[in-house]
Amino acid sequence: MTNTRIPDVRPKQPTAARSAPVAAPRPSARDRGTRLLATLFLAPTIVGIVVFTVVPIVGSVVLSLFHWNVIDSPSFAGAANYREVFGDSTVLVSFRNTLVFMVFAVALQLLIALVLALAVNGRMPVWLRSVFRSAFFFPLVLSAASISVVMKYLFNQDFGVVNWLLGLVGFAPVPWLTSENAAMATVILVYVWQQFGFSFLLFVGGLNNIPKEIHEAASLDGATGLRKHLTITLPLLSPTLLVASVVGIINALQVFEQPYVLTNGGPGDSTRTVVMVIYESAFEQLRFGEASAVGVLLFVLIMAVTALQFRLSRRFVHYQ
Amino acid sequence: MTDSHLTRRTLLRYGAYGAGAAALAGTAASWDRLTGADIPGRDDGSLVVATLGPAYGPEAIRTLTEGFKRVHPDIKLRINAVQAVDWSDFFAKILTQIAAGTAPDLVYVATEGVQLFAQRLGVPLDRWVKRDAEELREYFADVHPSLVESMMYEGSLYQLPVEFNAADIYLNNQVLKRAGADFPAADWTRDDFTALLRDMKRASGSQFTPYFWTNRLWGGVVPWLFANDTNLLTESKAPGGAWLWDSFYPAAERAGRGGGFRWTTPQADHARVEEAYDYLASLIEEDLCNRPEGGNGQNLIGVFSTGRVGVTPAGGFWAGGLHLAGMKAGGFDTQYFPRWRTQRMQFGAAGYALLRTSKRQEEAWEFIKYAARRDTLMRLFNTNQTTPARRSMLTADRYRETGPDRWQVFYDTLDKFPDTGPIPAPPQVAEVEQVLLKHTGTALASRRAVAPALRRMQSDLEKAMERDV
Amino acid sequence: MNLSRARHSLAPWARIATLAVCALLTLGPVIWTVSTSLRVPAESFDLPPKIIPTDPTVESYRGVFDQIDVWLLALNSTLVTALIAVGQMITAGLAGYAFARLEFRFKKPLFGLVLATMMVPLQVTIVPVFLVLKSMGLTDTLLGLIIPAFPTAFGTFLMRQYFLGMPKDLGEAAMLDGCGPWRIFRSVYAPLAAPGLAIVGVLAFNYHWNEFFRPLILETSGQNYTLPLGLVSLQGNLGTGSISVVLAGVVLSMIPAVVVFVVGQRPLREGITSAGVNR
């Protein structure tokens, strides 16, 4: 793959725009051809998105302005659903929970993935490296719902394997799923366990692309170990970090299966996430208008966080 | 660029062509599968029945469909087993279909949803019950009036119950033996219960929980509220229903019956409710019982059958489950829930609700009757995965292989304690349940937490009950 | 490709031992699941867990095949997952190329639109989606699961990165030779796209093979159920199913995902490598 690597492609510089006019012998015809091709190539994706995402979203936004219980016909509610949502402590708590979840889950996921990727990248037999890589990626191929059922048993306070293991080294049993303080931590743990493999693979890939010479030069300058990673590897890896954190955050803000199966949002509201609230108010309480309003707010939140990330990334992300 | 690279790339390219061709061929070959065209009887005016998947395996569906065909060869029937993990998934599915105008004709509904469906979606069965009274006499004679009453709403009957489960107590005999304790008597009290848990704890040590329960509406805190002669919401009975009681039940059995339950004013902050929570909190503090754990109790069968739990509340459905988990018939037994102020127990029942939107109501009624027949239920419930609503089906023979020895407890819970009633499930049940589970989790964090958590539960319940569903 | 570049302060054996412990922790729950599915239900909850069953039995697997129509469910799952994977490879490959290498109006907002679909929770739009499918006559068909899954935001993003990572002088050279935009795509860039497409395919397979909520809502007939839906039956009424049988079902359903992962591991790694780096 060595010949396919271009170090300085940046998002803000549409490459074709710069190169096409320079070399094109018959610009207008070629442009028409390009535009036609672009239309054809984009059609399946854009049509699909419009029909199966944009139209339903517009539907949800409209629905958020109505009271609708599915059974009777909707009645116009104006901003009532939004007022209701902002006055509902469960909804507010769920937003807080989701943000807390996002911060810790993404940070932990990136940290574990990064450390393991650096460690796997060190000197070791090729087969061993391959074993480790497979192991760390493996949880990603499992279904979140069924693995959560397994985890629920493993984390049981009284009979679970986790507390038994802790008991072996002298720890008292931890109420992993049944105390307000521990439950969120457990949900985060289970989520990170399943998800870190993805960031891990991204980092392994990113590290492979850092030119060997840079490290050698650094070593000659006397940089070693942690310092070398902090001052050299990390900045070079920052574009990968950005991708991993953007995808990680988008996914974390939509977490549903793990808390739904492990704790069902409890104890109290301590692990209730925004998507759980959406699901509950729509399908359990028949408040589709309010559920849509919460959905719209979540959508706005995710957009805002992602936009913020890209803004910050201009300062912290270095391209080779 | 090396040769091996090129070869690999070429290989990949042909691989891609191959995959594309295979996909095209596969798509063409399986077009009928993809469009569902190979499923006989789709959208052909069949009567459509939605059942809960895990309760109705493919075998059960075949039994139901074939049996119905023999009785009513002229009515086409389709049974959709909704593969939902719990009731909310099930409702999600049904509601989506209702929203899209593709609702089934009949929906299998448990106590949790009886009033919600009755109020919003259901058709009362009264006129058909009256019309076919002679045919149904045998059914009602076999089914306890408490079960029938739990399917009534504001004077009308909305379902014929086919199964139920009361929260009785299951005890592990091996754990009892280890503790040197006798099997509890039918009239045991709450204090006997506490003493038994202490004996068990002493004899069994760590990694053992004497009393295990799941935080849910059925079989969670509510049995303790009932035993302490209270309820989450004030309970009264709607007027009406005499048309049914008078024609099907003898005077002794219809005394006090009405037109179905009304659950209205929240009373979570009442002294007796607090007392019940305080009792559970004290059990937790003493390590005699687990903290409230959410979910469907999936791990419970395993830990009970292997002696890691001594006592747990469950209904007849557990007999089959324990058998599946490899427990021998003599390994466990059942007893009534212990007496506190009363020995009133709680149950949940289920049957088929007929939807207002159905255009095949006559046919649907025929199915309701067919599904409640004794021979149908005998075939359907042959593994003791639930308690049949018909008394005559509970026999020594039925429980010989699975246990328990005291199988009479299941139906006697209704017969011996006529005030035994359904879990509180008003039309606002979803919110009520959520509020209950949520604050039960926090209330039982410690004994000090009980009172404030119940106050919050009360105000949330008030909000929930004010809402028009 | 020489990977061992970084010299670490940690001794190699300590680093490898730590990695081994981490790998064990990662695979622990999976190992427990497999081993429990091979034990009799009565031993499911033994502590210490008998990781190597003293008396292994495939009884639970027989139970799975007795209780549900595994072959039909697997056929449905395979059809759905394979066609979604192929469909996503096509849509993502084409759209990714357009966003990376073609110039047209509204490119940025369109790309933003594609990315934004990643941010919409499924639970919010499922009822409107159901209504759209109903108007197309696709409810309760496998196609109804497949077609809406064709557009893929992450796949498109990935393929765009992938094409951006290819040297643009290749295309420019072809253009000087008089190749039109289609020829440049067809003969220069498309042949290089295989590893990127493989990762789109593998990720699609992983996700949709395990999908539960969409099939639950969209499929009505038992004949149209996918494997994750069918497995729910094993849990029994009110969770009374045998835990060994439930786990045997989980293990069976993860086999194809594992196979795809093992086979697709190399392109997956290469694809992700270039996607993560070039911005």
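Note that the chains are named A, B and C in the order they appear, and that numbering of residues resets to 1 at the start of each chain.
The working rule: a contact is a pair of C-beta atoms (placed from the backbone, for glycine too) under 8 Å apart; a residue touches a chain by one contact, two chains touch by 3 or more.
The chain list, named the UniProt way, goes like this: A = Sugar ABC transporter permease; B = Extracellular solute-binding protein.
Just so you know, these numbers come straight off a predicted model, no measurement behind them.
Participant: Farthest chain from chain A, going by the mean of C-alpha atoms per chain?
Facilitator: Between chain A and the rest, the longest centre separation is with B.
Participant: Hey, which pair has more contacts between C-betas, A-C or A-B?
Facilitator: A-C
Participant: Mind checking the centre-to-centre distance between chain A and chain B? Centres are C-alpha means, answer in whole Å.
Facilitator: 37
Participant: Would you mind pulling out the distance in Å between where the CA atoms of chain A average out and where those of chain C do?
Facilitator: Those two chain centres are 15 Å apart.
Participant: Mark out which residues of chain A touch at least two other chains, giving numbers and ranges.
Facilitator: 3, 70, 145, 149, 153, 159, 164, 279, 282
Participant: By the touch rule stated above, which residues of chain C touch at least two different other chains?
Facilitator: 45, 47, 127, 131, 192, 195, 243, 246
Participant: Listing for chain B: what residues touch at least two other chains?
Facilitator: Touching at least two other chains: 85, 89, 92, 99, 207, 298-299, 302-303, 308.
Participant: Which part of chain B faces chain C closely enough to touch in the complex?
Facilitator: Against chain C, chain B makes touches at 9, 12-13, 15-16, 19-20, 23, 26-27, 30, 33-36, 38-39, 42, 52-55, 57-58, 61, 78, 80-85, 89, 92-93, 96-97, 99-102, 165, 207, 296-303, 305-306, 308, 317-318, 320-321, 324-327, 385-386.
Participant: Under the touch definition given earlier, write down the residues of chain C that touch chain A in their complex.
Facilitator: Spelled out, the residues of chain C in touch with chain A are 1-10, 12, 15-16, 18-19, 22-23, 26-27, 29-30, 32-33, 45, 47-49, 90-92, 94-95, 97-98, 100-105, 107, 110, 113-114, 116-121, 123-125, 127-129, 131-132, 147-148, 150-152, 154, 156, 164-168, 172, 175-176, 178, 180-182, 185, 192, 195, 206, 209-210, 212, 228, 231, 243, 246-247, 250, 253-254, 257-258, 260-262, 265, 268-270, 272-279.
Participant: Which residues, counting only chain A, touch chain B once they are in their complex?
Facilitator: That would be residues 3, 69-71, 145, 149, 152-153, 156-159, 164, 167, 175, 177-180, 261, 263-270, 279-280, 282-286 of chain A.
Participant: Name, in rising order, each residue of chain B that touches chain A in their complex.
Facilitator: 1, 85, 88-89, 91-92, 95, 98-99, 120-121, 206-209, 215, 290-295, 298-299, 302-303, 308, 430-431, 434, 437-439, 441-442, 445, 469
Participant: What residues of chain A sit close enough to touch chain C in their complex?
Facilitator: The contact residues of chain A facing chain C are 1-7, 9-11, 14-17, 19-20, 23-25, 30-31, 33-35, 37-42, 44-46, 48-49, 51-57, 59-60, 63, 70, 116, 118-124, 128-129, 131-147, 149-151, 153-154, 159, 161, 164, 193, 197, 201-210, 212, 215, 219, 224-226, 228-229, 233, 239-240, 242-244, 247, 250, 253-254, 256, 275, 278-279, 282, 288, 291-292, 295-296, 298-299, 302-303, 306, 317, 319.
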